[in-house]
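In order of appearance the chains are A, B and C, and numbering begins at 1 in each one.
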Amino acid sequence: MAEPVQLQRMEPAIDVSEVRFRYSASGPEVLHDVSLRVEQGEYVALIGQNGGGKTTLAKHFNGLLKPVAGVVRTMGVDTRGPSVAELARTVGYVYQNPDHQIFAQKVRTEVAFGPHNLKLPPEEAARRVDEALELVGLREYADEFAFSLGRGLRQKLAVASVLAMSPPVLVVDEPTTGLDLQGSRNILDLLGRWNADGRTIIVITHDLALVAERVPRTVVISGGRIIADGATSTVLSEADLLGKAFLRPPQVTRVAQRLQKFGIASDVMTVAQLRAQLRLALGE
Amino acid sequence: MADSTSEEYVIEVQGLRFRYPSSEREALAGVDLVVRRGEFVGITGPSGAGKSTLCLCLKGLIPAGELSGRIQVGGKAVTRQSAFLERSALVFQDPETQIIGLTVAEDLAFGPENLKRDPDLIRAAIPRMLHEVRLDGYDEAETYQLSGGQKQRLAIADALILEPDILLLDEPTSELDPVGKDEVFEVIAQLRRKRDVTVVMVEHAAEQLAEMADRILVMDDGQIVDQGPPHVLYRSAATFHRPDGERAPQIAEVLFGLLQDGLIDESEFCAREEDAINMLTDKLSRHHVRLASHG
Amino acid sequence: MPVGYSIYVERPSLIHQRIDPRTKLAALGAVFVLALAFNHPAVLGGILVLVLLAAQLAQLSWRSLLPAMVGSLWFLVLSLLIWPFYVKGGPSLFILFGSTISVNGVLFGLAMGLRVALMVLAAGVWMMTTSPQKLTVGLLRLGLPYKAGVAMTAAIRFVPLLNAERITITEAQQARALDLKRENPFNRAVKSIAIIGPLFVRSIDVAQSLALALEARGFAARDGRTSIVQIGMTTTDRIILIALAAACLLAIGLRILGIGLITRAYL
C-alpha cells in the first residue's frame, strides 16, 4: 500500500477563489467567479450538465488552464507559477480515455513513465510501480502488452500510471464512461481505498447512483457557476436544484420522495436504504 | 429468400458467429435473434461482449473476419456482397467521428445525397429532422461548435433523415448528462409514436431501457445469455443480483430485495419507475389501512 | 475542441452568395495571370487595389485581411532589399556596398513585393468568400471524381479531429510530468514517443470510425450523388468570365508589346 500522506500543514488541497475563465479573449466566459475549497483527505464528486464547466474547472487544479481572474492554489501553491509537469507531483489528473496516454508496450513500463519523469531513484520508482499495480489489481498483468488489455483494464492502467506518481491530490475526469457496472464500481472502490490513505480525490461523473453510494461530498456546477456544495445526501435529494443543472436525484431518491406520505424518508440515497425503509414500512 | 415471416420479423439472425482476424476469441459465438416489426429491443452486457459487432452485422457493415450463420434484414439475406441496406440506419457511439459535414445542414444532407434523393426533398426534410431532435434553427451552425450532447442528437437525426424503418443505436447516450439521456430516449419514443420503426438499442442506462424497451437482451462473451421483457428479465438473480452482475434499474434492485424478504410476490415485481410507485403506493396504503383497523 | 476548418467567413454579400464558385476560381486564376504578366509597380498596385475593392464588396473586415497583409509586407521589404542589387537601369540613386542602386531596381523590387502581396491577398479573399462545400460541388461539376470530392470533405474533417486528439494527448502526458522542453535533445526524441504513440493509435481509430460512418451513411452506395448545394452560372457570372478572359488576353498582349514592364529581363 502507498504510505499515508503526512498532513502537517493543513493547507487546503485545492483552494479556488473567485476564478473567472474564458478560452479565448473574444470567447464567452466559461467560469464565472467560482470559489471552492477542498480540504486534504476529502473525497468530492463534481457533477453537472454537459458543458457546465466541470472539466474546465478541474484543469485549473493542475495548472493546465490558468485563471483569467482570481487565484487557484493546490496544496498552498499558486498554479500560475510552476509548469504542469511540476504540478504533477502534487496533482494527478486521469483523463477519460485511456488511449490518450497509453504508449508503452509493457504495462510496467507504462506505469513507470510518470515516476521516471519525476526523476525518482530507480528503487523508489520500482516500488511505487508495484504498489500502484497492486492497488488497481493489475499485478499479474505487469508484463503483458498494454494495448492487448480490454477497455476496463486499460482504464485501470491509466489510473495506476497516475497513482504511481503518488500525488496527494487526484483528479479523475469521467472514469466510468464506456465501462460496465462492474468496471465502474471497481474504479470508484479503488479511488475510495486511495482516499482512505488520506489522499484527496476529486471525481467528475454523470453517474449519480455511484456518487450516492460512495462519495461523501458533492459539488454541482451549472453554467460555469457552483450552484450547490455539501454532503452528498443533502445535495442529491434536492430535486429542484438538480433540475437546474439538468440532473435528477437517483431513482431510489425519486421513488422515496413519492412515497413520503407513508413515512419513507425523503433523503434516501441508495438501494440498500430504500429497501430497509420499505421493509420497515411493509413489515409488521 | 423473402418468405412469409419477413412481414412479421424484420430481423432474423441464426447461428451467427464472427471472429476478428487479430483475435482468437469469437466476438460473436452463436447468436440467434428475431425482432418483430415495431419492437424496441434493448441490448446490454459487459464491455467486449460483442454488442457493437452485432450492430455492424445488422447494418450490413460486416467487418473483415470469419463469419458464419445467417442474417436477414427485412426478409433479405445480408452478406458482404449485399447492396447498401436502405431500410436500416446505424448510430455509432462516438459522436465526434460520425459527423462528416462542416455545417449541420450539410451533415444531415450527406446521407440522402449519397442515396441520390431529390435535393428539394432533402432541403425540406432538414428543418423537420432538426425539430425532431430539438436542434431547431441550427441548420447553419458549424458542427465542431456543437456540444457533445448536441452532436449525439445530430447523429440521431443523420440516421432519421434516411427514413429507416429499422433504427440501430450503439450506446447513443454514453456521454450525456442524465437529462440529455432522457431527451434522446424521448426523441426515440416520439418517433415510435409517429412512425412504425423497429429499434435495436445497445445501452447501459438500465432505468431508461426499462421504461422503453419491449424486450432486453443481455450479451456476454459473444452470446445472448439472458433475455425477456423488463419486468421479467430484471428479476433474474443470475444476471443482475450478484456482486459482479449487470446494471439493473435501482428500483428493480429494491423490489428484488423485497421479493427475497417475502414482502412482495413475483407478479408484483416491476422494473418501471411509475409501475413501481403505483404498486408500492397501493401496497403501502392497504398496509396502513390494515394496521389502522388492527390498532 | 473548436478549431476552424477553413478561413471561410459567411457573409450575405453578392460575391459570397451569387457568384458561382467556378467563376471565383477563374477570377483567382486571372489575378495570377495578371500578376505575372506585369512587373511595373503602378500596374500591380492598381490590380491590388481592385482586389481590395473586391474584398470590400464581399464585406470582409480589414482585420480579417490583416494576417495576409502583414505577411505580404515582409515580402515587400525583403524584395526591396534584394532586387536593386540585381536590376539596373534608369537614373542612378546612390551607391551601396560598391553597387549602384538605380530607380529601376527599386521599382522592380517594389513590383515583386506587390506581386507576392497580390497573390497572397487574392488567394486569401478567394478562400474567405468561397465555402468549401460549394467549392467541392464546383470542382465536381468541373469533372473531379465524386469520391475524391467526398474524400476532400472527410480530410477537412479529419485534420481538426486529429489536432484535438494531439492536444488531449499532450495534456494527458504533461499531467504525467512529461516536460519535453526540459529534456536534452536525446531524451526529447525518446520521450516524444509518449505523444506520437497514442496519436498514431488514435489516428487509426479515428480513421476507421470515420470510414465506417461514411459507409453507414451510404457513401459510394450509388454511382454519383445529388447535392443540396445549388450552384449555377448566371448572366453575372458570364459577364465576369468574359471580362476576365479579355483582361488576360490584353495582359498577355501588353506583355508581348513590352507595356507595363520595368524590364523584360525578368518575368
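Throughout what follows, a contact is a pair of C-beta atoms (placed from the backbone, for glycine too) under 8 Å apart; a residue touches a chain by one contact, two chains touch by 3 or more.
Note that this is a predicted model, so its numbers are computed, not measured.
Enquirer: Tell me, please, which chain's centre (mean of its C-alpha atoms) is farthest from the centre of chain A?
Expert: C
Enquirer: More C-beta contacts across A-B or across A-C?
Expert: Most C-beta pairs in contact, of the two: A-B.
Enquirer: Just curious, how far off is chain C from chain B if you go by their C-alpha centres, in Å?
Expert: Distance between chain centres: 46 Å.
Enquirer: If you average the Cα atoms of chain A and of chain B to get two centres, how far apart are those centres in Å?
Expert: 29
Enquirer: Could you put a whole-Å number on the gap between the CA centroids of chain A and chain C?
Expert: The mean C-alpha positions of chain A and chain C differ by 46 Å.
Enquirer: Could you list the positions in chain C whose residues touch two or more of the other chains?
Expert: In chain C, the residues touching two or more other chains are 2.
Enquirer: Can you list the residues on chain B that touch chain A in the complex?
Expert: Residue list for chain B touching chain A: 45-48, 93, 147-149, 171, 174-180, 204, 207, 244-247, 249-251, 253-254, 257-258, 261, 263, 273, 276-277, 280-281, 283-285, 287-288.
Enquirer: Any idea which chain A residues touch chain B in the complex?
Expert: 48-51, 150-152, 174, 177-183, 206, 208-209, 246-248, 250-252, 254-255, 258-259, 262, 271, 274-275, 278-279, 281-283
Enquirer: Residues of chain A touching chain C in their complex?
Expert: Touching chain C from chain A are residues 23, 59, 62, 64, 83-86, 88-89, 91-93, 95, 97, 99-104, 113-114, 117-118, 147, 161-162, 165.
Enquirer: Touching residues of chain C toward chain B in the complex: what are they?
Expert: 1-3, 5-6, 10, 132-133, 153-154, 156-157, 160-161, 164, 206, 209-210, 212-222, 224-230
Enquirer: Using the touch definition from the top, list the residues of chain C that touch chain A in their complex.
Expert: Within the complex, chain C contacts chain A at residues 2, 165, 168-169, 171-179, 182, 191, 193-198, 201-202, 205.
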